[in-house]
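Encoded as structure tokens, here's the structure I'll be asking about.
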Amino acid sequence: MSTMNIALSITKTIQDWLIGMMPEGVASISAMVIVALIYLAIFAVAGLYLVLLERKVAAWFQLRIGPNRVGYWGLLQTMADALKLVSKELTGTIKADKFLYNLAPYFVIVSSLMALAVFPFTKEFQAFDINIGIFFLIAISSIGVIGILLGGWSSNNKFALIGAMRSGVQTISYELSVGLSLLTMVLLTGSLQLSEIVETQKDGWLILQGHVPAIIAFMIYMIAGTAETNRAPFDMVEAESELGAGFHTEYSGMKFAYFFLAEFINMFIIAAVATTVFFGAWLSPFGITESLPWLGVFWFLGKTLVLVFLMMWFRWTFPRLRIDQLLTLEWKYLLPINLANIVIMAIIVWLNLTIKF
Amino acid sequence: MTNEALQNLISDWIPDLEFTEEESQFLNITVTPENLHQLMTELKNNSETKFDYLFCLSGVDWQPELGVVYHLESTTHRHMVVVKVKTDDRENPTLDTVCDIWKTAEFHEREVFDFFGIKFNNHPNLKRLFLTEDWEGYPLRKDYEDEINMVIK
Amino acid sequence: MSYFSDIYKGIKTLLTGMSVTGKYFLTSRKGAITQEYPDNRDTLKMFERFRGEVVMPHDENNEHHCTGCQKCEIACPNGSIEIIWDRGIDEETGKKKKKIDKHVYHLGLCTMCGLCIEACPTDAIVWAQNYENSTYDRTQLTKVLNRPGSKLKAGVED
Amino acid sequence: METTAVKSNFKSEEYFINMGPQHPATHGVLRLLLTIDGEIIKKVEPDLGYIHRSIEKMCERDSYQQIVHLTDRMDYLSSHINNEAVCLTVENALQLEIPDRVKVIRTILSELTRIASHCLWWGVMGMDVGALTTYFYGFRDREMINDIFEETCGARLTMNYNIPGGLMFDIHPNFVKRTKEFIAHFKTKLPEYDTLLTGNVIFQKRTKGVGILTKEDAISFGASGPVGRGSGYSCDVRKHHPYSAYDRITFNEALKTEGDTFARYQVRIQEMWEAISIIEQLIDNIPDGEHKVATNAVIKLPKGEFYQKVETARGELGVYIISTGTKNPYRLKFRSPGFSNLSLLNHIAVGGKIGDLVASMATLDLVIPDIDR
């Protein structure tokens, strides 16, 4: 058992290994850089395979076969896409606001990658376990919107402008219900730190502990989460049939790849937050694989992929909401239910009617 | 209503109307451009005729004269009539518009202007519908010459 | 309180919608409706009435049925058939008669309407079933239907 | 319509957007010049002519058989019904006696074309409103009909199977078997269309009360087909002026009165059910006999004017021939359904949002070559 968990808390192990070689300050910075590079590499590849998963799942929904030409069973398809995008020429409109036009993609990709650092993959396998975990997550995900607004406005294209304005309105209003639904769950756990949250779920996942209000909070969170990443029934931002390609019409090559990759990593983040908060990140259902902490990663990724599949299922079934219906859905339906839900959860926690195993 | 009943009902509205019935399945009324508009409003609003559906408005180049043929149908009585109007000046043919009676005429009249050059006074925005603004000549006229596009077999 | 009832009804319709796509997702093993075109090129067979291209069938000793009567050229709406004929002496009767020299067929102009085959009195031209007619250069689309050195089958009168 | 935004000193000026010749929502080369203020549409001005081939000028130099093949290229989704329109006009002008077999086959093929066109419309309507999988379900059913046409007529889209006087050649031996297979298959799939899209609450929110067209406006704008019937104006040519075998079958006209996008959608779905019942009534008793009547090679219509109305998938197609007795018509005018349906777009789209414009344009089911001719 002890041999297994040496390599677990990566940040500490790398830091100790580095301290032996160089002075204190430099060691911690280089440790952070190394961890960041590892995460960047893993999640660039993970993003590519999420895109492939989306295209395959879409094909199966639509009686098609999906990519099967490049590589065995289409596995290298998105790799080929990435290479194509890298080699493409970076075109752009002349009258575009050059500085903001080039800055926009970095906002989006940075905000989605930063949010990845906080997730508890297994026991101590977590880049940064900061004590304001969820609050940090919500704050980071609102930076992405600035990138989209900048991209749409600065590319001097009317369709992009409309797309950007729509995304601004949409994300701001849906962050509200993302935050509130996570708040109801924090009532149960009592702390914002993600590892703490997973700790309290040792005796029953939060969705079971909080029973009815937790399920309502989960549904609200999933709806608001899909809206947050501008996907599925809420994809007015790049509504193909109305605006063509929405805010990233004028982007090509690597800049477009950033927007495209960021959207899929955001989807992964929304699913990962849902698994940590609602389904007990790396906790196996009844503690069956407690002994091997390494298996936690499998549980965490499995649950996240199930939720990612759910979001893909939304995308390929539902038509698109109009922009004003989207706002009425948020302000007139999700918000009131959310507030009522918090009150119910508070009462339940106060009378501690939660189900504990 | 049968063609005869239509004929003598309409003939006492406006003096010189010609009615023919051979060579066509419907009652044909030929009217002079001056009282075209009056006849049309009467055909639409009169309670017995009530031709409220203008289903076909076509420009025709009858060689010397340029004309427009209106096919009208009543959605209540289900009878049809054809109204023809001809003007013989080919340089600046103008007729009254009927788009204030039937809204479908607005687009059809722009098409007739585009292909025949017949101007319709007090038409909301009479400009070419299909061809580009700077296209000279009116293609569907019989005397239209265009070596590039017209392949005479 | 229609507020809650239309939320409930809404979610119910959303779930039924998802059930349809879910059913297709689970039964996607039965195979897709899309054809993998370049891979199934040899097994892909067109129906026998498919209008691929107009061809003139020649029998074993290189004879065809085209008498050069130009009925197909007249029937063609967009001039994609040109018949080049010359005067010839008919063997038996010794009279002057039209002989077909070249039956030029512009596949590029043809709209596959079938009026020429309809108009041909001696059924000289027939539909072929090939569906890959694209070429890299337009002149390859102008074809001469009667093979060089072929002649009219004896006894075919228009 | 929700209350519009409060316009205090907040000044917003309109700007132009080109829903240009290349745009996913226009299904073809139609350019809409939109004047919009933020998201609300002030004015829609269509700019046509991108695919104008002046078919009417070409018809003045072609013989009547050659004109029939031109109509395939007008409304390519109901090409069979267009061919039938010209053939009927010529046959009525020559007072030809058409064998019963031809009439029944023409009606079956027309109804099959209508189902194929409505399947494509339904798939594309779903795509316009955002549900991308409907496209593939719609095309799966349309492909089966295309195979039936390919086997019988030899072509999938531009059939040219009708000629003045009957059919070019007789139907294929297993035409009846394939059609029955398709009907059995489609009867199980059409209810799925409803559960997937019609019942969907998001779809209903996007289409109910959008693009309202009253009955008087429908008549005054000359709207025909499902667009007119969505507003309660009963304009089914198959009912009021029956042609070919429509007088011997019983079917009811799909009529709705709300006149909004959802009503036009429901009319088309019900029309598909009607088409299935029509085919079922006819498919078993196709009378046998000649498949065409011999007409002389060069058809000369008697002097005079001839008009024939036909119900295509989009509305009422009228063929108006003025003939002076020569072998090609003096003037031939096609009354195209799409042309009048497009003219009312400005009337129903003003005041709505861009999403509404796309949704109501999808239910107008515009085919641009049919408008430009």
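Here the chain labels run A, B, C and D in written order, and each chain numbers its own residues starting at 1.
Going forward, a contact is a pair of C-beta atoms (placed from the backbone, for glycine too) under 8 Å apart; a residue touches a chain by one contact, two chains touch by 3 or more.
All values reported here derive from a predicted model rather than from experimental measurement.
Shared contact partners of chain B and chain C, listed by label: D. Set side by side, A-D and A-C show the greater C-beta contact count at A-D. Using the average of C-alpha coordinates as each chain's centre, B ends up farthest from chain A.
Note on chain placement: the centre of chain A and the centre of chain D lie 45 Å apart, centres being C-alpha means.
Averaging Cα coordinates per chain places chain A and chain B 64 Å apart.
Chain A and chain C have Cα centroids separated by 53 Å. Put simply, the C-alpha centre of chain C and that of chain D have 26 angstrom between them. Multi-chain contact residues, meaning those touching two or more other chains, occur in chain A at positions 61-64, 316-318. In chain C, 14, 17, 20-21, 24, 33 are the positions where the chain touches two or more neighbouring chains simultaneously. In chain B, the positions touching at least two other chains are 153. The touching residues of chain A, when paired with chain D in their complex, are 58, 61-64, 158-159, 162, 233, 235-236, 239-244, 316-325.
Within the complex formed with chain B, the chain D residues making contact are 48-49, 52, 54, 56-57, 61, 216-217, 219-222, 224, 233-235, 240, 303-307, 309, 316, 318, 320, 322, 331, 333, 335, 339-340, 342-344, 347, 372.
Chain A contributes residues 57, 59-65, 313-314, 316-318, 333 to its touches with chain C in the complex. By the touch rule above, chain D contacts chain A in their complex via residues 2, 15, 17, 23-25, 39, 126-133, 135-137, 140, 196-197, 200, 202-203, 205-206, 353-356, 358. Contact residues of chain C toward chain D in the complex are 6, 9-10, 13-14, 16-17, 19-21, 24, 33, 46-47, 49-51, 71, 75, 77, 111-115, 118-119, 127.
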